[in-house]
Amino acid sequence: MRLITYGYLVYLLAPIVLLLVGAFGDQWSNTLLPEGLTWRWFISVWEETTYRNAMLTTLKLALTTCLINILLVVPLVYGVTLKFPAVAQSITRLLVMLPVAVPQLVIGFAFILAFSTAMLPWLGSPWLLVAGHVVVTFPYLFYTVYADIEASPLKAYERMAQSLGAAEWQRFVHLYLPLVYRSVFTGSLTVAALSIGEFELSNLISGFMTQPYPVVLIQAFYRTTGFACAATLFLLSLALLFSLFSTLVQWRLGRSSSRELPQ
Amino acid sequence: MIALENIQFHYPHSSVGVHDINLQVETGEFLVVVGASGSGKSTLLQLIAGFLTPLQGRVLLDHQDVTQLSCGERGLGIVLQDYVLFNHMTVLGNVAYPLKVKGVRQVERHRRARKILHDVGLEALEHYYPSQLSGGQQQRVAIARALVFEPRALLLDEPFSALDASRRESMRQELKHIQRQFGVTTLMITHDQEEALMLGDHVAVLEQGELLQHSAPHQLYTQPVSEAVARFIGRTNFIDAQVINSQRIQTADLGILEVTPHAFTVGQTVRAMIRPEAIIANPVSDIVNRVPTTLVERQFLGAQQRHYLLCGTTTLSLESASTPDHITHVALPPTHIHLFNR
Amino acid sequence: MPRLRFFTVLPLVLPSGIIYTLFFIVPLALLVIAALDSPITTGARLLSEGLVLKSLMTSVALSASTALFSVVVGVVIAEFLYHQPARRRFFLLWLVSLPLVFSGLIVAYGFILLLGRAGFITLSLALIGVDPAWFGRFVYTPQGLVFVYAYFLVPRVVLVMLPVVQGLNRRQLVMAESFGATRWQQIRDVYLPPLMPALVSSWSLCAAVAFGAYGTALALTGSQINLLPLLLYSNISDAGSDMASVALLALLMMCCCLLLTFPGEWIRRRAQHR
Amino acid sequence: ANTLDAELYDGEQELYEAAQEEGLIVSFDTGPTWANWQSQFNRFTERYPGVQIVFNDLGSGATVVALEQARNRPQADTAYYYASSAINAHEKELLSPFTPINFDSIPDVFKADAGEWFTIHSLNVAFIVNTQLVDEVPQSWEDLLDEQYRNSIVYLDPRSTGQGQVLTLAANYAMGGDLDNLTPGIDYLAELSRNGNVARVVGTTPYAQFVRGEIPIWIGYENDGLKASITDGMGDNAAVVIPEEASVAAPYAISLVKNGPNPNAGRLWLNYVMSDEGQRTFAEGFVRPVNGDIELPDTLVDAPQIRPLDVQKASSISADLSHQWTQHVLNQ
Amino acid sequence: MIALENIQFHYPHSSVGVHDINLQVETGEFLVVVGASGSGKSTLLQLIAGFLTPLQGRVLLDHQDVTQLSCGERGLGIVLQDYVLFNHMTVLGNVAYPLKVKGVRQVERHRRARKILHDVGLEALEHYYPSQLSGGQQQRVAIARALVFEPRALLLDEPFSALDASRRESMRQELKHIQRQFGVTTLMITHDQEEALMLGDHVAVLEQGELLQHSAPHQLYTQPVSEAVARFIGRTNFIDAQVINSQRIQTADLGILEVTPHAFTVGQTVRAMIRPEAIIANPVSDIVNRVPTTLVERQFLGAQQRHYLLCGTTTLSLESASTPDHITHVALPPTHIHLFNR
């Protein structure tokens, strides 16, 4: 058990370490490790407009995706848990599950079919990209928040507050929001991380000027090893940051978001 | 005052609910509703609270018909099983919340909340969060919150069921104490018969949605109106018998027993009931209803002993503080024998 | 209050409903319509090319085996984590779940650096006499993809299995032990049976993910491996292919993934509710 | 606004100012490791600091698809590809006519009449060999079938790239086929795969991988090999072989995209590429510019077996080529 | 027979455990170990079962030293709190499992499992899964499984704690019945003192890892060796006092009380204990230890009444079956007063 676990961890970290090493290596050609130490790959990645733009695009995209997701999911979960009869709840859960079950390649192709027509000529627009990201990430936020709320005493609170005479909006603001904000936060971290790393859908539907970072990253792989490694580090460090952050948050907030939905 | 008039309710697509309930809780009275799980106790409470609306009948609060009012408008204080405190608010915030939703200004609502916290002895804990409180303190917060807006009545749904046995006892005392102090009309639900007897000014027994009996605890125990009530409250011995005349019954194993005058017809089969502590062990020889018996087993219960006695094929249990070495005869005092239809 | 319900629910649910319909249901519906334009002839054409069938087989074999591998490794790791003290478990869990937030691309390149023809391990092994031409090819083959995919799938398995493993009634093992059961008997008779639903469902989840993904494979191997998603991708980016057949291919892929996902989910939820 | 010291051609300053308004050029498929585009970018931005240039690297076939998908919302200003893909794009009416400077220096067969596309350089099919990984450098297509090259050969996918198409044609010529009969070439590639000599078929240029030492033999274009050897320091470790039987000179074209977002910047860019400086930059990168007046580096030798390509014809058979390749090479 | 000799154990990096335990359970005897939560009951059981190994001392089963044997080799039948049935096996599968791991052939093990299922009255349910059974049936399956391989002894760790109060009673009877029927040496753990008194042939009281008392139920109740035992078993009144002489003590509120002869030194402060049911209400006037009192509150407990009495500032509780209208005096019979060190 110990052997397999630590074996996996080595396996997990080895490519990352090599990427790190490669990014600082001057020349790496058919040798065990690169020769020379340099910063120049970072500089050249930064100097290329495409990569700089893509970094910004990715960050903006992740942020917008998160915001829209929150605006959609927070009221949705409230409605679903409190107002939906059991059957409608399970249907909703099933529907929400679908975007995860359908491969992103298929969703992307469906987008191409639907939105490159003269009637809906949206393919390539940044908003369509955001919409795509929202569709594929929102199940994760939904399930995080939903599972958290299911496990929370919201229903009891609602009933109690109702008996105390609290109006609907008062209950939403005074009781639901305080209950839900932690899981919204941790769920948003997941969403942001997913959105930042998303390639399969973005690659098909992003407009050239709003290519997120992963899409341009794959082209870095056709370049020099050092350049490619340096280019991955941006994503890598964001990923590490997010994962560290959400771990810390869960550690501190205690009541963690149960990952009802497998990632 | 709470009054229920011919309340009729069942859940959609089912026949379970409560049927034709008439019940009155006087102002300041403490009524305990007791019944087995699923007997409709919570349903009854929800009908009073306004979470459910009866299909027929009326709910009156202080002579006002509130049947069509929503729960928020009825002005009842409700304490549920697990208290349902708002975990993200302090004790003060919790207690002041009912005033907040009514639009009372902060200064005023804090003043009133503090006063009631003082009354329940929690003034020192106002900045604590519910998770930092013991079960008993949480209960008092829940009660304070239910009392802060001077409700017309207090409804409690199994407030002790979440507690372990050792804690329960002291919390019962505390509840009784607070209820007396505020003199608030209270209806409490429990499935624990001992609790009901201990706390209630009156006790109502519910079974399958029907009100079986509604009387003072002592009367409930000593004069149950039906076999069901007798079974539910306390331990009992049942003996099948046949009526000989208005003062005698014939049993298979205990011979002819004298009973207090009754209205059953001669020849009818009945069920006679006697509490284990009412049976007299080794009575004087000229007592009525004296029956020979053999001691089968003895169980030590601490303050009391339980004796399993065999009379023919009938097993009687007898509880007493004393521990006679042998039991050769027992007596069943006629006043303690109750007859029920079979 | 039931009367008011409709109007109070609507503003809560409508925005999500609109986005979901417009950006998920409508495109997929159009896809299905395009695919079923003339399904028989298109389907026959696709089949006659033979490539589709072959890709499907490779994809199925790849996803099934990588899922199986991931489940086995994942459950062992979950069990190991269960035995760790809370702090270390949290740290290890963080490490293990790192790949979840990585883009598949990053690590694909990392694997070339690690296992490629000039990769670190390949060259290290070459020092002890392993032919690099032979070893360096591995990562570009479907068998190599099994291991690369497992990189991302193992954390999913761990996250699904850890609560199940934690929720397992350990005293059943103790009980079996007290009857004199050996370690292996305990695992076979008592440990595995209650895990089975979760194992099956994580397998199907992993298989579905592996079946549908193309990013890693694209970055690693280019387009020449016959995998269904890669075939679909190169058809999408090939000027010559007709939309109807691509749509049919996409539909086929979608159905496969749904077929893998939903029964697994169903098993898991049913087991949870018991 | 920036001004130019001296105009390369009439109206350059005016065009530059209009381009600065737009500020950006989106140049599709000009991958920086390919055909010395990186130097082109560098020199262009040196000359026109007010205009930024962004690009991608898709493959010729994929470029046409990308243009087509974005027909209603064009993303690109210019598109660069293998000439037969250009013809394909022209047929789909994705391009806009533009005659750059020195348009007349281009042979007629290498351009559309109105300038919807025009060739800017050509590339010759060659074997690029990493001599560290290969014992014996192959000299001919026939040699590649040898057992010793098991698992060694990488080439580009004919379905999505021009290079893939061209090398298939070259192999076809070598095996005795012609543009009306692709079977010999396809059969040859099929046999190559069947022998297990093909390690992978990739979607875009594996130049970086070659330099890293991932690839023993790459059937590509001579310029990449020369660049690896001379510019990127591989020296004798990289050998460039024009195969004995036959090779093909593939014309590469560029176009102004219809309704592109930055038309003036696009024109400025195309003019620059066609200018003497631009053409010279190609030559420096071992690429043969279309302008025959430019002096070529010594390392670029003319070999008789390099055949010119009939782009019109090649375009008309390209779909068939993809299909046959898929059927016989991939599907076995 | 189970015997523990000088058993010493504590958990690594802590001092909690059990300390110097000597205990013997005779063949066929039913010993109940009782103690507060965390007192080390389960630890003790695990030491006997072999899940833990003592740091010092020996565990003997039928005079054989099994201290170093693994739990599988000790041949004990173990029934845990929640029975720990294998949910994926049928009742028959569960009961036959211990035989299966011992390699008994299927026909034979099914025969033996069916026999024991018959003995515990479950022969009709052999194809059911545990989730389809009631709590009582599950308990019987667990016991059957523990008995099927004819264990040297039966160990039960709080087998009733997962049940609700109403179910518990009948399950206790059932357990006792089965234990008698099989005559198997049994050690049962519980934290419920009533249960301990009811079921045990002997009862051992554990506190903080130490054995406080080990005696028959009646003796435990009436002659607790320490205040801790007295507090834990049954309800008690405690009165602080000072020893006047070997037969008298001085209390603050109840004056001088006569007690049975004791060995405390004169002037020592002691704690006197008397059970609520031992106090006599309104005694005849010439009785010893007669004290004036006032009735503060009365609680109806069903078979009994609890009376809260105030004597000066001391509150006494008195339990009796009768309900006198007034209580003016009580008597504290000397034989029921026990003295403890304070």
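Worth pointing out:
Each chain gets a letter, A, B, C, D and E, in the order it is written, and its residues are counted from 1.
Basically, a contact is a pair of C-beta atoms (placed from the backbone, for glycine too) under 8 Å apart; a residue touches a chain by one contact, two chains touch by 3 or more.
Note that the structure is predicted; figures quoted are calculated from it, not measured.
Note on connectivity: the fewest chain-to-chain touch steps from subunit A to subunit E number 2. The chains touching subunit A as well as subunit C are D. In this structure, the chain pairs C-D and A-B differ in their number of contacting C-beta pairs, and the larger number is found at C-D.
The chain with its Cα centre farthest from the Cα centre of subunit E is D. Most remote from subunit B, judged by the distance between CA-atom centroids, is D.
Inter-chain spacing, taken between the CA centroids of subunit C and subunit E, is 55 Å. Mean C-alpha position of subunit A lies 37 Å from that of subunit D.
Computed from the mean C-alpha positions, the centre of subunit B lies at a distance of 29 Å from the centre of subunit E. Centroid to centroid, with C-alpha atoms defining each point, subunit D and subunit E lie 90 Å apart.
Shared interface positions of subunit C, defined as residues touching 2 or more other chains, are 118, 218, 236.
Residue positions of subunit B with contacts to 2 or more other chains are 70.
Within subunit D, residues 133, 204, 212-213 each touch two or more of the remaining chains.
Chain pairs recorded as touching, per the definition above, are A-B, A-C, A-D, B-E, C-D, C-E.
The touching residues of subunit C, counted against subunit D in their complex, run 49-51, 54, 112, 116-118, 133-134, 136-137, 140, 218, 221-224, 226, 234, 236-240.
Of all residues in subunit A, only 27-30, 49-50, 53, 112, 116-118, 121-125, 207-209, 211, 216, 219, 221-225, 228 touch subunit D in the complex they form.
Only residues 49-51, 70-76, 78, 80, 82, 84, 86-88, 97-98, 100-102, 145, 149 of subunit B touch subunit A when the two sit together in their complex. Within the complex, the subunit C residues that touch subunit A are 5, 8-9, 11-13, 15-16, 19-20, 22-24, 26-28, 30-31, 34, 73, 76-77, 79-81, 83, 90, 92-107, 109-111, 113-114, 118, 120-121, 123-124, 151, 154-156, 159-160, 163, 202, 205, 208, 211-215, 218-219, 229, 232-233, 236, 243, 246-247, 250-251, 253-254, 257-258, 261-262, 265.
Residues of subunit A that touch subunit C in their complex: 1-2, 4-5, 8-9, 11-16, 18-19, 22, 29-33, 68, 71-73, 75-76, 78-80, 83-84, 95, 97-107, 109-115, 131-132, 134-135, 138, 168, 193-194, 196-200, 203-204, 214, 217-218, 221, 225, 228-229, 232, 235-236, 239-240, 242-244, 247, 251, 258-259, 262-263.
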